[in-house]
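Chain naming follows the written order as A, B, C, D, E, F, G and H, and within any one chain the residues start at number 1.
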Amino acid sequence: MSMGMSKIVKTVSSVVFPFIVIYGLYIIAHGHLTPGGGFQGGAVVASGCAMLLVAHGSIWTIGKIREKQLSILESTGAVAFILLALLGLVFGTVFFKNFLVGNKFLFGEIPGYLSRVANFNTGGVLPLMNFAVGLKVIAGLFAIVLVMAYATSTFKKGEMEDGKR
Amino acid sequence: MFFDNLPALAVAVPLFGAFLTPLVSKIGDRARNVFVILVMGLTTTVVFLLVNDVFTNGIQTYVFGGSYQPGETVIRIFFEVDGLSAFMAIIAVVLPLVAVIYSWGFMKKETGLDKYYTLILLMTTGMIGLVLTGDMFNFFVFLEITSISSAALVAFWVNKGKAVDAGFKYIVISTIGALFVLFAIALLYGQYDALNMAVLANSIQYTFLDKMALVLLLVALAMKAGIVPMHMWLPDAYGCAPSSVTLVLIGATQASLYGVFRVVFTLYGRELTTAVNQVSLNVLLSVFIVALALATIVVGVLMALKQSNLKRMIAFAAVAEIGYMILAVGAALSTITVDSNTGVTMLTESGEMALKGGLFHIINDALDIGLLFLVAGAIYYATRETSVNKLGGLARNMKYTTVFFLIGLLAVSGMPPMNGFASKLLIYESTYQINPILAVIAILCSILLLAVFVKVFHSVFLGPKLSVFKDTKEVPKSMLLAMGIIAIVIVFFGIFPELVVNNIVQPAADALTDMLKNGLYVKAVLGVI
Amino acid sequence: MLKRDFAAVIFFTVVAVFFVFAALLTHPFGSPDNPVMDDYIIHNTQTEVGANNGVTSVVFDYRGFDTLGEATVLFTAVAGVILVFRRLKK
Amino acid sequence: MGKEDCRMIESFDTVYLFVLGLLFLSVIMAVIRIIKGPTAPDRVVGLDTVNTLVIVGMIIYGVAAGSVIYIDVAIVYALLSFISTLFIAKYLEGGGF
Amino acid sequence: MIYNIPYLAVAALILVGLYGVVFKRNLIKMVIGVTLIESGVNLFLITLGYRKGSTAPIYTSSPGGLMSLPVPQALTLTSIVIGVAVLALMLSFIVYIYRHYKTLDARKIGGEDE
Amino acid sequence: MMFSIIDIIVYIFLGVGVFFNLLAGVGLLRFPDVYTRLHAGTKCTTFGSIFLSGSVILLGLRMWWFGNTDGSILAIHTGVALVAILVTNPTGAHAIARAAHRSGVKPVKAVVDDLEGGTTKKKSIGKKTATVKKKEEEEG
Amino acid sequence: MVENLLIDIVHAVVPILVVITSVVAIYLKDLLAATIAVAAMSLLLSLEFYILQAPDVAIAEAGVGACLTTAILIIAIRATRRMEEV
Amino acid sequence: MLAFIVTTIVCFIIYLLLTIGSATGASDFFNLGLWSNEEILFGVILSVIVGAIGRKIFVKKDFRMLNPVRWFTFLFYLFIPFFWGMAKANFDVAYRVITGKINPGIVKISPGLKTDLGITMLANSITLTPGTLSVDIDEDKNDLYIHWINVKKEALKKKPIDYKYVCGSFPKWVRRIAE
């Protein structure tokens, strides 16, 4: 039924997919240096997954990943995000404290005042939060598209469950 | 450490629970139910600790992600909990707790329960955040959380077309409302470059754009609170949602009402008595609000008379009850005056009494209407029927439910031993002093409401036992427990109204008047005005 | 039906006038007046947060709680969509 | 050396902005095709053209504004604009998703 | 006047969207209207934060100077994600409404089906 | 001297790119049916963007030559964008053309149409076209 | 001088195009065409964000507005019907 | 496994291209003045993630493209015959835009390519070159249906028509690259 699109589109989307994913991860990872961040990169990767969905059909896609797994992934991202915020409460003083800024090992360096050098090892807790949110957004947005596409493609014409339960 | 961070934890705990629910659901249904109830219990504990703190020590502020000394530029997000917020937080956390207990039995046969519980927890988060926050944009975000989760829950029974329709209506209305709120926030931000409510309240200038923002905020929040010209979504949503969800929805509606209070009294409270064409702004606002309130009451009661569906009938009663609250607050608003000697803005005594009545009625309304909806849900659970005309003679088989319905009936129509009487009496008394006509209309409508429900009671519970409902059994224990909790609280509030008014309602009313008199809300953030 | 349309037209006209006024009365395009908060953020984001990107530092640090709310909204929507499209029979 | 570079870019600013203005003419024509297009595929062709033109416009504006980081947005668009086209094409082909 | 064109575009976008929501009877058209309103509000926020001759609020090696305001951009990001969330939920409702009533006309739906 | 030559090349590239992009717009308006419009819309914009991006890449390389690291970022990111355009644009055009043909749009003034009278696809496509047409008739 | 004028023109043209496409999106009876117009609107809005110095928002609008919004709108239209009833 | 490694390496190269110019100073591990240590470390981690996700999608049991000779052929093809064909195409379209002379039709060709990648490359090349646009593809026989803006009379004599009228020497090049 839903067999996806022509061979050309399938091939091109397969070739472009890793490219989109790595680019989305690049945007997520460089959220504190260049335009981007968790949401933007997540949206890019989710769009890439949506491309696979439209090229190969939702039945193929649901064979690769199910919406329950996506839901769990999303929960993981959300829990990671809120745990990072709670760690601010534990190591710092308040909720959402940026407790990593100022240390020397992990994302702790501080660029000089008004410096314009892009140093990856900065930003405190921001890169970690970017990844948590990125995971969440990827899983969430793709889950929306996947669920809607799969559910509507399995509807038959004129099919409707009876009104009485 | 724990006690310093109560405002943050009040939001973080249910949110964390919501994020964990899909993971916990993997273990099993029972574990999930226990987990959700535990999370709700923990949230309730945190909120009550917070409320206790606020009522004893005054306004609590909490800065996310940094420290703040008065005098610095306000950048970060603030939580600011005063009496009113604390008062609303109690409602926002108690109703979902009861709803979760109720849905253990009520929702047993449904699928998709992990998402259901997740959404209930998220809705709780939204409501708590909505009432605790002190930042305009954060307010918008929580408003969206509340409305999206409510809409999804309203459409829980997707195989009923009406439920999905109601959910769609609800989400369109609330999204447009939220976008208006966002536009108003943008207008305020564009002028004052601030998003904090206290800072905005301090620097507001009453330019034309400010007035526009006020109108937009009021329209949007009134839309969400179900005040008359925009009330059409409310009966649908209340009537089509599962009863446990309706209970939480009442809380969401009242959180929007809280938004109205916050905007009028805090954000625009500083110069509420500014004259606009020789009429001061508060009088204008109060005339407007009282007219809407009267319309709300009358429309609600009249429409309730016409309904044959039990849940829709209760929903229109809920509309009427919202009218009572607005009526009291609008009446109170008209009595604001500036003392010419001291220059202090204050309310008259009857105004304060009306305010107290209105606030007390908020909590009573939540309980009364909530109980009625739970009873309607129980009837639906037992008989799969909601039409009044087809029901009859249920009293024999469902004794407890009958008693609970009776309690709810008396309470909602303001009969003596119940809590509804206490608050409505305050409203009648004070509005009579302000304008007798208001009180008369209010009393008449209340009596009509009583008539409506007595008729329902007669036709549903009394009368001959119908053969269709021969095998109906009493509902599961958890549902009875949930209804019982609310019923006991209703009776308790009815017997000791003074206790409640002095301990819970008085601080909230004080918080509202303090904003006008001393600007405590602003002082708590900025140090000085 | 006609009456309702009429009310809609009135509502629409009022709102139209409203928004056009809003558009005309806001500060002139391209010159916000005295942005204290934002200038503070622009000048201190590197030293306080350590990020070169001002927007990300606002999103995740200064207004991190909003972002949590936003993530929650997305989570809510996903839960809602999955709830709506769930399988009805057990 | 660095200073000289900056000046050299600036000498291109006006030219690039002018190019951008000309690109807008083309965008307007494509938008007209979106408005007129008798069938849906015609509109999609217009949309596709607008996509490509906007990507190029973004690159050009990035140079004109002298900011390198802006090119990232153009890459995102180059990768993603294609997906919406695919969705619409899939709709027109018929069959479920 | 010409300098206020972005603001006027905001007003126009919101009005067009509101027109779609209020007068159009097709549910998907209403949803498109909501999307347009949301775009208008987003554009308004960004326009509020724009400073003439500024660069983006990001420190990079390019010559900077005046920077546009970061807070509205952050708010807009939030608003965009909220928008897509709401849109997804509304559309899934619409799919179910269509399955029940076989129509997307707002006048024809909402009848009793019990 | 050499760099002034590069400048001239950059200007030429800009001119060519703009010319072809404008041509794409004009072609989009002038051509009679979807397929010919696709010819204009895809080929000309791709070709035009190659030249416009090429000019930017040249500029970036020149900056890099002068020791400005921005130049490298400019050149390489533009190159990446260009590759993305080159890969995705023809595929999008193919998808649209196929979709248009399947949704029943006939090429205008066609001298020959193998696909319509083809052997393997005849049945399914013919049926599909017919159903689509029927659906549109009953809907619109 | 010319530069400022050109920038002003850009700032004027893009919002007008956005408004035109939005009007088209509401005006057209064919919902698929309306969706295409919404996609174009989103695209041009993203360009507008971009020239208003908000690349972050432009990326978000690119990913969300132009791609995912179109996708779910199309899916919904597939599941319902394409033409607006009269 | 090989698929995983190939995908990882391709992604890593793309990541390195994207992050070029991030050097911070002499402390860099690869002291080329191009990348800093952290970038390379992160690039490896992210590439491994993408490799794990995308290995079955990117490579389909076909490691023909690992041969460097094919890459150089590809680059040569891209820059000389393909670019020349594209330039001709554009002037052709320009001519038709201005004069409005068209003589279109949809024709079928059988280039005789076996692999998916090859047929994809050919179809995309055809789309970008003189007066042709690939409309549809026969999934089994890899025959292409092509919209030809200026159908030549002599080409129509034999069916399916000879591909040299439509796309010149492209199939040969593609066969050399991808098969």
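The criterion applied here is as follows: a contact is a pair of C-beta atoms (placed from the backbone, for glycine too) under 8 Å apart; a residue touches a chain by one contact, two chains touch by 3 or more.
Note that the coordinates shown come from a computational prediction; the quantities given were computed from them, not determined experimentally.
Shared contact partners of subunit A and subunit D comprise E, F, G. Set side by side, A-G and B-E show the greater C-beta contact count at B-E. Each chain gets a centre from the mean of its Cα atoms; the one farthest from the centre of subunit A is B. Set against the Cα centre of subunit H, the chain with the most distant centre is B.
Centre-to-centre spacing of subunit B and subunit D amounts to 49 Å, using the average Cα coordinate of each chain. One finds 30 Å separating the Cα centroids of subunit G and subunit H. Note on chain placement: the centre of subunit E and the centre of subunit G lie 10 Å apart, centres being C-alpha means. Distance between subunit A and subunit C, defined via averaged C-alpha coordinates, is recorded as 21 Å.
Along subunit B, residues 15, 19, 64-65, 137, 141, 144, 148, 151-152, 155, 158-161, 164, 183, 190 each make contact with two or more other chains.
Taken residue by residue, subunit G touches two or more other chains at 11, 30, 35, 54-56, 58-60, 62-64, 67-68, 71-72, 75-79, 81, whereas all remaining positions touch fewer.
Counting partners per residue, subunit F has 26, 38, 42, 46, 69-70, 73, 77, 80, 84, 87-89, 91, 93-95, 98 as the residues that reach two or more other chains.
Interface residues of subunit D, counted against subunit G in their complex, comprise 13-14, 17-18, 20-21, 24, 27-28, 31, 34-35, 37, 40, 43-44, 46-47, 50-51, 54, 57-58, 61, 69-70, 72-73, 76-77, 80-81, 83-84, 87-88, 90-92, 96-97. Taken together, the subunit F residues at the contact with subunit D in this complex read 10-11, 14, 17-18, 21-22, 24-26, 28-29, 34, 37-38, 41-42, 45-46, 48-49, 52-53, 56, 59, 62-63, 66-68, 70-71, 73-74, 77-78, 80-81, 84-85, 88-89, 91-93, 95-96, 98-100, 102-103, 105, 128, 131-132.
Residues 14, 17-18, 20-21, 23, 34, 86-87, 89-90, 93-94, 96-97, 100, 102-108, 123-125, 127-128, 131, 133-138, 140-141, 145, 147, 149, 151, 156, 159-160 of subunit H are the ones touching subunit F in the complex.
Listed in rising order, the residues of subunit B touching subunit E in the complex are 137, 141, 144, 148, 151-152, 155, 158, 160-162, 164-165, 167-168, 171-172, 175-176, 179, 182-183, 186, 189-190, 195, 236, 386-387. Per the touch definition, subunit B reaches subunit C in the complex via residues 15, 18-19, 64-65, 73-77, 109, 111-112, 115-116, 118-119, 122, 125-126, 129, 137-138, 141-142, 144-145, 148-149, 151-152, 155-156, 158-159, 164, 183, 187, 190-191, 193-194, 207-209, 212, 215.
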